[in-house]
Every structure is written in C-alpha cells, then in structure tokens.
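Heads up, the next two complexes both have subunit A, just with different partners, subunit B and then subunit C.
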Partner chain A sequence: MSPQSVASNRTRGLITGVALAVLAVVLVPSLPGIGAGLGLRTLTVAVIYSLAAASAGVLYGRLGLVSIMQVGLVAVGGWTTLRLHYATGLPFEVVLLLAALVTAVVGTVVSLPALRLSGLSLAITTLMIAGALEVIVRYTGFPNGGPGFVGRDATGSGSTMPRPSLGQDDQTYFRYVAVVVIVVLVLLWWLLASRPGRAWAAIRQGDAGAMASGINTTAYRVLALAVTSAVTGVAGALLAANSGVLDPVSFKAQQSVLLFATVLIAGAFSLAGAVIGGLFFYWVPQLLNTWGVDGNLVFVILGLGTVQAITTAPHGIAGQLENLSSALRSRTGRRVEES
Partner chain B sequence: MNLLPFVVAGLVIGSVYALSGVGVLVLYRTTGVLNFAHGAIGGLAAMLAWQFIENGLPASAAIALCVTIGAAVSLVFGVVAGPYLGRIDELRKAVATLGFSLALLGLMLYLWNDKARRLLLPTSLTGFSVGNGEAHARVNLTQLICLTLAIVVVTGAALALRYTAIGTAMRALASDRELAAVLGTSVRLVENAAWAVSGAIAGISGVLVADQTRLEPAFLTFLVIPELAAVVVGRFRSLGMTMVAGLVIGLVQSLVSSQPSITAFSTAVPFVIATVVILAGTRRRTVTIGVVRA
Partner chain C sequence: MAGLTLSNVTVRYGGVRSLDDVSMAFERGVCGLIGPNGAGKTTTFNVLSGFTVAATGSAELDGMDLLRVAPHRRARLGLRRSFQQEQVIRALSAYDNVRLVAEHTRSALTSVGRALDYVGLARAERLGSELTLLERRLVEIARCIVGQPRLVLLDEPAAGLDPTESERLLKLITGIPDEVGALVLLVDHDMDLVRAACGTVAVLDFGKLIAFGSTHEVLASAQVRRAYLGVEDDEESAC
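Our next item is the complex of A and B:
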C-alpha cells in the first residue's frame, strides 16, 4: 500500500468515526428508553470513561506501555476539578483545562522512575499507585466546599458543583460531554498521525531502532505519559461536573484493572476500541445488572476475556470489526470491478 | 507510645510478603510469568478455609485442603494458559495474569457477599509476651509460624534451586528457555511444577495473612502490590533481597500506620520504597536488541 493510500485510509477512518459519533450524539437523546433518565446518565458516564480507556489504549497500543492506574488518575482529575472550583470559582471550561494540566504532571511524575527499568516495572508501579490512590482518596474524600486544603465538609452539609452553563440538564450535558470527548479524541488522532505518533510507533518496534533513527526515546515517552494523563484528567473533570460530587467508592484499584482489561478486550490499537472499551467498562455492567446478572460475574467474564484477548486476539473487538469492514469493502470493490 | 506491637505486626506481615514474594519470584524465574494473580489465589484459599471451618471441618484439615486448592488453581491456569503464554513477551504474560486475578476476584465477590468475616486459626489463641513494662507486645503462635515459615521457605527454595534436579532445571529455563529445551529439559513439566509450588505458597500465605489482617477478597487480592514491590526491590532475581524487602515493607507500613496523622498513607509505602530503590539503583536504561526466534 502506498503512503498516500495509508494516509487517505486514515483520514477516511477519522471522517467516518466523527460522522458516526456526531450522528450518535444527535440521535441518542431522542431514543426511547435509552435517551432519557437513568439510561442516558449511565451512557454519559460510559462516554466519559472512553477517554480514560483511550489513554490506556494509546499507551499500550502505540508505545507498549502498561499503565494500570487510569481510574486513579480520573480520581486525581476529579479531585483537582472540585478543589479548583471551590477555591477559584472559575468557569468549568477553565477548571477542566487546569485539572488536565495537574493530572498530566501527577501522572508523569509518578510513573517516570519506573520507565528507567523495564515495561514490567511500569505495570507494577502503576498498580501500586492505583492501590495507594484508592486509600488516599477514601481518606481525604472529595472536596465539597468544606474548609482546609482537603476542602471536605464531613458533616454532610457540603454543596455540589454546578454543571457547566452549556449543559444544565441530562440531555444537553450528554451532548456537552460527547462534544468534549470527540474534540479530545480528534486531537489524539492528530497527534498519533503526526510526528509524535510516528516516534511512538518507532519506540514500540524497539528502543534500539528508534534511537538509531535519532528519536529521543525518553522525551517521547514522557510526552506520551503527559498527554494520556491529561486526557484522563479531562475525564475526571467531566465526571465531577456530571453529578457535582464524587464518591471514593468509584475509584478502587480493581476499577483500574477492569478498565485496562476492557481496553484489551475492546482493542487497544484504535481509538474506536477506546470508545467500545468505555462502554464495556461502565455501560455493559449496568445493562447486565438491570437484566439480573450479578455485577461481579462481569469481572469473571472480562477477566477471562482479557486472558483470551492477550493470548490469541491482540487487536480486540475493534480489530475484528476493522477486518470485517475491510473484508466487506474488498468484496464490494471486486464486484464493482467485475461489472 | 508503645511501638513494639506495631514492630511485631509489621515483621509478621512482612514475612508473609517475603514468603509470597519468593513464590512470585520462583514462578517468574522459571516461566517468565510475573503472576499478578498471586494475591487472588491466596484470597481464594483463605475464603475457602473460612467456609470449610464454618462447615465444621477441623482447621488443620481445612488449611491443608486450601493449600492444595491454591496449588491446583495455579496449576490448572498454568496447564491451560501456559502454552499460549510461552509465545508472548513478558509484559503480556503479566497482563494475562492480571485478567486471571480479575476473574478470581469476581468469583470470590460473587460467592461470598461483603459481610464482615473473621478467619481465626486455633494457633492464634495461644501465645506469649515479649518485652516488659511500658514496651511489651503479645506474640501468638500464628505469628511465630509466619516468621519461621518465611525463613524456612526462602532457605529451602534457595537450596532446592541450587542442589536438586528440578531446581537446576528451573534455573536452566530461567537463563534460556529454548536452549534448555534443546538440551532435553522437560519444559512443560518444570513449568507446571513451578505453577503448583507458587500456588501452594500463595495458598498458605493467603490463609496466614487473612488470619493476621482482614478476610476480604479485594484486600487479599491487592496484597499482591507489596509482594511485587518486594520482588522489584529484589531486582526480579535475588531471593535474599526479596525476603529482606518484604520484611522492610511490612515493618515500615506498620510503623506508618501507627501514627494517626499519616496512617492513610501506609498503602503508599510499597510504591515509595520500590520507587526509591529504582531511582537509587539504576544508572541508565540499557537498550537491548531482541532476537526473534521463529
């Protein structure tokens, strides 16, 4: 395949993806059953988590780095958002960007030492961070307008953060979230398609080769950690604004493991996989719950699914969908040529 | 403030970390699989031990049964997934066990609701006092068993790796899997032995640590974090360093949790210690060119 056709294929993929996403954003709130109430709120959270899934997916799929602390970083982003909101009262959009920045710094600093060792060390260290963050968040709680640095009023008289003015009710907030997610994913896509993306791809192929072609591997690894942490921070900010308060129960270490598992199952090599991963992480368990399936069995299914995905189907569901679509395309293409 | 009880508790938990760390290390050196499911296997053994004792089985029989089950669960995973795991790189091997631990955790949460439970071994009822006056602590028999078992298993593992036939085979696999196979080492047999041994170690550690701390599936599953920290400090190869690291992590954790102002940060201790050791130890990242063997 010539370089031009790779590029045009990529662009076509982007246009299709964005078109499908926009269509979903327009249609979903008007669907009966799903488009309102609990169904829509669940879907909103699932869409938010697709950002966290995308960041884990980019790290694993593009650089071969395993980071098992994404849900912990979502908590960092959410905590920062709430803290900044009560401290400054700035508009939500500004707070969101600041939270992304803070999360980027936190995520990079904690995982940097492990990068000096093997990829296995990063996996272990990030799991340790997920475990530590779980307990620290449970101890400090999330800010609700209380006094002090922690900003938590434990008496229960705390307030909630209002939603952004552009997304007051459930439907408009769903659209607000979807627009932010699409913008962030397009930015990520652009990054992957340009110079950093190519450098990351070279690093994944092998350190020696990347260095030989003049790539500063350390700098590009740090860039990847910063970018993905910032994306996760955005997810935290959106989640904080969704309900105005956050509950430490949602940020256990096993949630981070679960998110990584869903990313692997859904496919870490494409951003479509990230969106599917977000749905798997939050929407499917809720759906099964309403059908009367015990939520804990989802852990079993997704856990075994991970083992299967990692050993035999490395491209995940998104990869299989891609194969399907290219198979269909080549078939219809041949028919056109024949006629 | 009397710190001695915290020192005792820390050393005991630390010895279980050391014990588990050695189990993880033996499996890692033999098969290349860093087992994130080690804690989950221990958790399953502990939950089953509680269930069996609840159903009227004598404690000794229940423990023996659970250690066997731990070994069996680990062995089954090794036998079923082992051939596939042999073909992928170390990072993905580890991630596969992460999936396995998630599955085990889900199974435990499904079978046992999150009601508070307590696993109390009969050996925890007898004990003796150490120290006198203000600084004293009570040491029970289970705690003594933890410490002795850790020392016995670490020295036993070191000796077995050095002097027995299967230990030699394990070291051969650790240094070069393909070459060992060419020289006639039965790779599958040795690997399965490592899975079973590490599963048994996971089982006994799980039962002991559940008695000493909490009987809670998620808590026991994520005890793999300090255990892996011990392995990181041991540089993924040294049994002795892993043991020392386990003890130190347990001790520091316990001492941090004794101070009310910083008690919440005791879970961050494994991360801090491992990070400090990584920062202090590595000069430069070494770049190696992997050779793909078809």
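Our next item is the complex of A and C:
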C-alpha cells in the first residue's frame, strides 16, 4: 500500500500547473496582439476572475454547494479595498489581506442562514444576495476618496487608487496579478489536499457518513465559505487596483449567474478548470467583441455549454483535458513498454 | 457498566413508533440485531449515531450517556458505524477514507495502516470510485476499526455480496472484538451469517423488542420464527 503514490501524482499535477502558469506569466506580455494594450488589460481582468471562478468551483465541486454570488463578493472585496485605501493609506498588500478578511466575514455571514437548509436554498439565497449587492453598490457607488462612510465624491472630482508599487505599468501589473493568483491557487490546492479537503469530500459524499466519521459538518461548511469568500475578496482587491476605480455596472447579479455557468462548463473539480473559467468568463466575450462578433453570443455558448457539461461532461473542460492527457500518457507509456 | 445499554428508547415518526420502549444490553463480542424490514434496526443505529432523536429513553456506552453527545463527537467517544448503503467517499483514496476517521477521532495515523492490513485491502491509493463493491465494504470495515472504537455498528455490511465474499467479511467481523476490543452490533438478513457470528441476538418487530438472548435459543423460539421467518407454528398459536 502506498498512499504516497497518490500524493506524488497530485504533486506532479500541481508542479505541471504552476510551471505552465509561470511560463504564461513570462511569455504573455511579450506576445504580439495580446501582450500589450487593451488585450493585456482584458487578460489581466480574466486572470483575476479565475479566483472568483475557483471559489465557486471549490464550493460546488468539492462540497456540492451552489453559491451564485461570487461576482457580488468581488464587489465587496473591491469596495473594501478602495475604502481601506482612502481611510488608511496602508500598502496595497496589507489592504488586500484585510479586504480578503472582510469579504470572508461578509460571504460567510450572509450564507449561514441557508446552510442548514437544502442545497437549493443556498442557491436561491446567494442569488438574492447577489441582487441585493448589485442594488447596494449602484446606490452607494465605489469609494473614490470622498467623505463619509461610503467615501464617494459624486461631483466627479474623485481620485483613483494607485497600483501597487511592484506593478505600476500594464505588463508588470499583469505579472503581479498572475503571481498573486498562482499563490492563492497553490494555497487552495494545499488546503484541498489536506485535512479540510478530505473533510469536504466526505461532506459532499453525504452528511451522515461525514458525521459518523467524526466530522463537524457545520464547522467545515463554514470554513469552506470563509475560505472561498476570502479568495473572491482577493479578486476584488486586484480588480480595484487594476484601474483604481470600480464601476457598479460590472457587478450585476446576472454576472454571478454567468460565472457559475462558466464554472460548470470549465470544470468545477479542478483548479485548472478555474483558470479556464476565468478566461471564458471575461476574456472570450471581449475577444468576440474585438472580432466584431456580438459579445452576447457568449450567453448562447454558455447556455449550450452548460447543458453539455451537465449531461455529458460533469467534470467540465478541465476534466476532458485531463482524460485526454492521461489517455495520451497511457498510450505513450504502452509504446515505451512495447519497444 | 461496560458495553451498550439502551433503556426505554422510543422513536416516533409522526404517528408511527419506529422504536417502542426498547430496552436491551449488550456486553461484548459480536451481537446481532435482527427483525423484518421496517422493524426499527436502522432506526436503532440512527439513534445511537445521533441522526435521529429519541422521544424518550437513554443509551449508555461504557457508562457514558451517549445520546447527550453531539453526533460528530460520538466518533471520538469510540462509536463507529457502517451504512446499509455504503458511504465510501468516491473522491478520496481508500487510504484517505480511513485516515479521515483517524483524523477526526484524534487517533494515531499508524492505526490507518493497521486497519487496512486487517481487512486485507491491497493498493489503498486507489480512489473510492475505482473500488469494487467488496473492496468498498472492506474500506467500511477498516473505517469502523481505526482508532480505538468501543462500539461498531454494522448495518447489513454484506448486502450485495456473493456467498464467498460474505464468508470473507464474516471472518473479518467476528475478529473485530479480538482485534480492537470493541463491541460489535450486527444487523443482517442472512440468518446463517448471524448464527455464525453472533453469540447474543435481539429481535425487533414493528419497533418492539420481541426476543433477546443467546442466538441459538432466540432463533429457535416460535414467536421469532413467526414474526421474522414467516413460519407458522400451530402448537404455539396461543402465544
């Protein structure tokens, strides 16, 4: 018996993923077309949204929880970041951690009442919360250095938050974002591969079995909500720093629905799926727009993709890629053995 | 007192009494809990695990008041159980399935390897989804004996297995008291298995305890034969 071989398989997956990500970080800013200007800025936002996709993916893929408010929580993280920046002037990295903390608290507290009920009630509750957050940010706007608790100067003379000193221009900020995203995803990976991940897998299999194994199911559900909300809060912080201001238009409830659909298609069971999800969610629609295709086409694609994902490929695009790669590996492996 | 004691346990689902004032005590070894479908066997296990709340009554395990403890904490007190529908976690390896229980009962990780060795499961790095039914049943037994269990509840652990596989499982089950020193409560429909494994047996029918005692005597009693085996005994009809 060698439980180590499972671990080493998983570790190999992680190393491959990180290597690919690092390669992308190094290469992308020097690519023609998407390596600069609008293309790169779009890609930056897409990479940021992969954190929100990862949150929804972990909740759904690992715990079977349907949370449809991730984009709303991005707004919470972004709002908190801007507010704290103008209130304290602390370095961005500190503000980012605090925003993650605040988002963790908000995301957990609002989902708690639904947690004891069925999975569907969490879906409905979170969708309503996404709607409420949409209304709230439309009403308050995002802080721009103005007075009072909401910190908004409505006269239009507001300022913008500067980017972190380590990521001033578009190229370096893309790399900054990519590094933060990689670090957060590796932390998530580590969590999934250790005690909490195992407890979550047990909960997904069934509450009775999990409780009989000694797992405090409520505590671990709360932990999952806190962790995923914090991760989404980081996305909000990165987004706020990207442009220095945030627009309520970006945080409609329908965006949260769209993100969840994207996660279903891209694959909720792996973190690679999250990265694919982020790209699908933000990059593909913009790409379509620049090609002169109506970006709303993405709704049609996502609709069809969701049906396809639910009916034939529950592990999403990432799962299909994984199958493909293991098929290739076993084939090359066989060839090596034959020769 | 050592062992498990149920005192006047009643469980109601709406108007139905799934357990009706049941009192019984099991001391050691492998004990049987039998009865026709719907008799209240799984309900008994659910009360002990905390998934169902008893309207009245109490249960003591080695002198501890079990029913006052939160369900997930009972594992730490030494309660283990398997389910009629096995609950092996598909997304985790066989090893992690067992490790999980050790982790949440403050048991040494070394007991994980020992439990897997005891049931004889090879290649424990395989995922739950890759295991055969027999292997999943073996994982469930391993989960039940990891750490320091005091009471192991097995709810039809051999369901769906062929006779040879059941035989293998039977050997493992009868060895549990010696291996880990736990009391085993076994629910099964296979009377040969119950006869071979259990020294003591309790019989439930419509939520009532109708017989309790040595397996040999209980299975020979006419009331039990009528209720459970559906055998009519003319000379005992006045009972």
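Note that the second predicted complex is superposed on the first by the 337 of 339 C-alpha atoms of A that agree within 3 Å, B and C clash if a C-alpha of one lies under 4 Å from a C-alpha of the other, contacts with A are read in each partner's own complex, and residues count from 1 in each chain.
The criterion applied here is as follows: contacts are C-beta pairs under 8 Å (C-beta built on N, C-alpha and C of every residue); 3 or more make two chains touch, one makes a residue touch a chain.
In this text the structure is predicted, and so the values were computed from the model without any measurement.
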item	value
Superposition on subunit A - do subunit B and subunit C clash or fit	fit
Partner chain(s) touched by A:Leu120 [first = subunit B, second = subunit C, both, neither]	first
A:Met211 touches, of subunit B and subunit C: first, second, both or neither?	both
Three-chain overlay, vertex subunit A: subunit B-subunit C angle, C-alpha, nearest 10 degrees	80
Superposed model, subunit A: greater residue contact from subunit B or subunit C	B
Touching partner for A:Gln254 - first (subunit B), second (subunit C), both, neither	first
Touching partner for A:Thr290 - first (subunit B), second (subunit C), both, neither	neither
Touching partner for A:Ala202 - first (subunit B), second (subunit C), both, neither	second
Gap in Å between nearest CA atoms once subunit C and subunit B share a frame through chain A	6
Shared contact residues on subunit A - subunit B and subunit C	206, 208, 211
Residue numbers on subunit C that touch subunit A, as the complex places them	49-51, 70-76, 79-81, 83, 87-93, 95-96, 99-101, 103-105, 113, 116, 121-125, 143
Complex contacts: residues of subunit A adjacent to subunit C	1-6, 62, 195, 198-199, 201-202, 204-206, 208-217
Subunit B partner contacts - residues on subunit A that touch it in the complex	64, 66, 68, 110, 113-121, 123-125, 127-129, 131-132, 134-136, 138-140, 206-208, 211, 218, 252-254, 257-258, 260-261, 264, 294, 296-307, 309-312
Of subunit B, residues touching subunit A in the complex	34, 36, 81, 84-85, 87-88, 90-92, 94-96, 98-107, 109-110, 218, 221-222, 224-225, 228-229, 231-232, 236, 264-268, 270-271, 274-275, 278-279, 282, 284-285, 287-290
